[in-house]
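After this come two complexes, each holding chain A, first together with chain B and then together with chain C.
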Partner chain A sequence: MISLARKYVAFGKAAWSNMLEYRAQILLWMTGSLLMIVMLMVWLGIAADQATVGGFSAVDFTLYYMLGLVVRNMTAVWASWELDTQIREGTLSPQLLRPINPIHNHIAANWVEKIIRLAVTVPIAAFVIALTPGAKIDLSLGALAAVAAALLGAWAVAFFVDYLIGLTAFWTTQTSAFIMGFYGLRIVLSGTAAPMQLFPAEFQAALTALPFRYMLSFPLEIALNKLSPEQILSGLLIQWAWVAAFVFAVAIVWRLAIRSYSAVGA
Partner chain B sequence: MAPQISVEDLSKHYQVHEKDPGLAGSLRAFFARKYKTVKAVDRVTFNIDSGERVGFLGPNGAGKTTTLKVLSGLLYPTSGATRVMGFTPHKREAAYLRRFTLVMGQKQQLLWDLPAIETFLINQAIYEISKADFEATLKELDQLLELGPLLRKQVRKLSLGERMKCELAAALLHRPQVLFLDEPTIGLDVTMQVRIRDFVAEYNARYGATVILTSHYMADVTALCSRLIVIDKGRLLYDGDFKALIERMAPYKIIKLQLPHPLPEGRLAAFGEVQSSEGLNAVLRIPRARATETAARILSEIEVDDVTFEDPPVEDIIRDVFAGGLIPTEKTP
Partner chain C sequence: MRYLRLMGLFLKSSLLVELEYRVNFLAQGFLGVLYAGVSIASILLFFSQSNRLGGWTLDEALIIVGLFTIFDGLMECIVLPNIKRLVENIRNGAFDFTLLKPINSQFLSTLRYARLHGLTDMAVGAVVIITAVGRIGYRPNLADLFGFGLTFGMACLIIYSIQLAMATTAFWFVKVDNFTEAFRAVYDTARFPVSAFRGGLRIALTFVAPIAFMTTVPAQAVLGRLDAGLVLGSLGFGLGLFAASAALWRYAIRSYSSASS
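After this line comes the complex of A and B, so read on.
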């Protein structure tokens, strides 16, 4: 365990130095987060004429999208793009020679990237929330713990789904199409375009069962006091069941992938 | 004792799909792909003992790299058995991955945008090398390869030769017992080729590490390896002593003469086959068995300024091997 931690530190340090080489690139990637601000404007416009929209007041929308900005950046994952490139260009080979699964390098790099993303988004969110009259986060200790568990779960679902999609590059050159397709679904179904509660009632059961909600909306729903303790508990169970399922799937697919990997550029 | 590396009846076949050119071809390929089997390695067998330096020789696409990738656990063999240090490479056990290295001249493990030392530190953690061992090994590699200031320069700013020195060092920090070197000198100038070659020889001598080297520079192989494995089109053509190959494939010696004054060609033909004769320079091909006796005769019978004896160029020999694939197993004098 200690030696694994040391390996993460080593990967993390290198990822950090690498990131500093490409600061501008990361800031550019983060422009995707502007979507949260755009959606906030849209919903504030709609909410301007009425007290609440589907139970969301203007203050709720502000809290939802500003916290959402932070959560979105905590769950941003690019491992699939990197895997796709590494597999197609054969640069994965040197990594496969090392006595450690390359996924650890991807995880460490992803965590390090969070430092910059949070350094930019947390102050923005804090500033906007502080300036919004009536906006405050009022949570019990238990709810805070639930938010923490849901955030970690959200990262894990997002990371392992993304990694699973990246692994398809072992068999197909269409991986980037899958990534984009999944990204589109994620925007609609995870609560980015609109909070889950605003979807028609007949969709709620499906949204609760699918993994998308657990990548963004779920921790926000807890933070905004929209869920009962029973709903929080069942949500955490479903979320972590998805985490387990995707970790398992990545492990199995990785094994199959290595078997069929033919080290492109032989 | 079992050999350190054993390869028995190894085959690696790839399925590649073929496409006719043009739009129609693409469409046809989209609906019904045609597959062709390529035998990259075809029933190859050899054993290598600990500490040996073996040269893998063959033209592009011969199956050299594929064989090394199978031995490194990067490729699953189609059939056959491979064992290295008691491990089955394609099982990719961590204990095995810690004990060998594969250096590919055309692929790199060094992080492109960072100084090489950063990759070294990652490897220190991954291979669980203690600080003391890491520093000692780095110092030795620094002495042998003169890494010095290179370690702190961004990898992308290094020259090809400098980068290869750093690649080798990165690959050897964990003191592997088996080195697979795939074209380590590709693209390097002659001086750097010699440096890398000397280094490999020195590393082998110091640590008794086993080395398999592929190259299409003949000089790499002749300078480093006493044993040669020649493969072409996936098949093993020759495995054995380098000298023996030359003797088998080239049962003659080349005698070059420099004469004080021109001689008629007929006079030279009395000693052996005249390959060329121009003014004061002449080249003769003499059967190996009669070379010494002929040389003595030349020296006593005609006046010469200078005589040199040579084996035919290795390139020619290897070309003959690839061209004919004929390796006489029993040479009749």
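After this line comes the complex of A and C, so read on.
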């Protein structure tokens, strides 16, 4: 355990210096987050004509999308792109010789990148929320703990799904199409285009069961006091069941993959 | 005339390349359809809560979604592949060979490659527009269609010019592929009528980043809501940005000193 922690520190340090080299690039990757702000603007336009839109007031929308901006950056993962390149170009081979699964390197790098993403988005969100009259986050200690668990779960679902998609590069050259396709579905189904509550009733059951909601919307729903304690509990159960399922799938697929892998290039 | 013949040759060679990678073609075509679905789904979500979006009805807003999808395909098809090559060529010095050829260097650098899977987006966009117009009572007359052709052409010119200007900065900065990423983020606002945004943002999307003239104005043309001011604005932005980006290109070429050797 201690030796794994030391390896994480080493990976993290390497990722940190690598990131400082390319800091402008990370800021540009974050422009994808602008979609949250665009959606907020459109919803605010609609909320200006009506008092509440499906139970959401203008203040609710601001809170939802500003907290959403932070959560989206906390759950941003790009490991699949790297895996795809490493597998296709054969640069994965030296990593396989090391006595540690490369996934740990990806996790460490992902956490380190969060520092920059949060350093940018948290002040923006805090500033906008502070300037919005009537916007405040009022949570009990229990709800706060639930938010924390849901946030960690959101990161884990997003990371392991992404990693699983990245692993398809062992068998196909179309991994980038899978990544983009999944990203497109995520915009609609995880709560970027609209909060889950505003979807028509007949979709709610499917949205609750699918993993998308648990990558963005779920922690926000708890933070905005939109869920009952029972809903929070069942949500956490579904979320962590997905986490377990994806971790298991990644482990299995990884074993199959390295057994059949014959490096490219060399 | 000669340039038209060259365009034909370029298209033919691009088609041959594309046929080599059929699975990729299918996968990308499928992605185009999926993303059109994403745009339509997000518009439908707004209309499940309100029957107007910035004063536009659902069918009217779908015309904008269709245009957004067409331009998406156009960028995917022509603009992005050429810019990617151009930036690469400038970085490794292969741009010398572009300059040596007896054709206009801007023409060769920006229209040489086409990735034809972008055509699926364009086809889906066209279907969306035709369906939406069919559901609206208004029948566009000849003048409307002419106005649409004009503003649509200008919108293409605006997109081309902005991307060309961003690519041209590659002569001075090394990493510019990211500018296209940033443009993408702003372009995302084009899937909604510009009137859906309020205050300063609407003004910025009309006059600073002319997003309004890409999708909202051509859609207004189809609906017979074009006025002289919009036509002038469209012509001004289209021709003005084209002239400015071409001037920037000529200036950049003059200061180009190869990267190789």
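The criterion applied here is as follows: the second predicted complex is superposed on the first by the 265 of 266 C-alpha atoms of A that agree within 3 Å, B and C clash if a C-alpha of one lies under 4 Å from a C-alpha of the other, contacts with A are read in each partner's own complex, and residues count from 1 in each chain.
One rule holds for everything that comes next: contacts are C-beta pairs under 8 Å (C-beta built on N, C-alpha and C of every residue); 3 or more make two chains touch, one makes a residue touch a chain.
Quick caveat: nothing in here was measured; it's all calculated off a predicted structure.
Using the contact criterion defined above for the overlaid structures, shared-chain residue A:55 touches neither chain B nor chain C, since it reaches no partner. When the two complexes are overlaid on their common chain A, residue A:7 makes contact with chain B while staying clear of chain C. Contacts of A:35 after superposition on the shared chain: chain C is touched, whereas chain B is not. Looking at the shared chain after the overlay, A:194 reaches chain C, while chain B stays out of its contact range. When the shared chain is aligned, chain C comes close enough to touch A:181, but chain B does not.
Applying the stated contact rule after C-alpha superposition, one finds that A:173 touches chain C and leaves chain B untouched.
Residues of chain A that lie in the contact sets of both chain B and chain C are absent, per the superposition on chain A. Those residues of chain B whose C-beta lies close enough to touch chain A in the complex are 14, 40, 65-66, 69, 72-76, 92, 94-95, 97-98, 101-102, 104, 106-109, 111, 113-114, 118-119, 121-128. On the side of chain A, the complex with chain C involves touching residues 24-25, 28-29, 31-32, 34-35, 38-39, 41-46, 48-50, 53-54, 173-174, 177, 180-181, 184-185, 187-188, 193-194, 198-200. Across the complex, chain B is touched by residues 3, 6-7, 9-11, 13-14, 17-18, 21-22, 90-91, 93-100, 258-263, 265-266 of chain A. For chain C in complex with chain A, the touching residues are 23-24, 27-28, 30-31, 34-35, 37-38, 41-42, 45-46, 48-50, 52-54, 175, 178, 181-182, 184-186, 188-189, 192, 196-198, 201.
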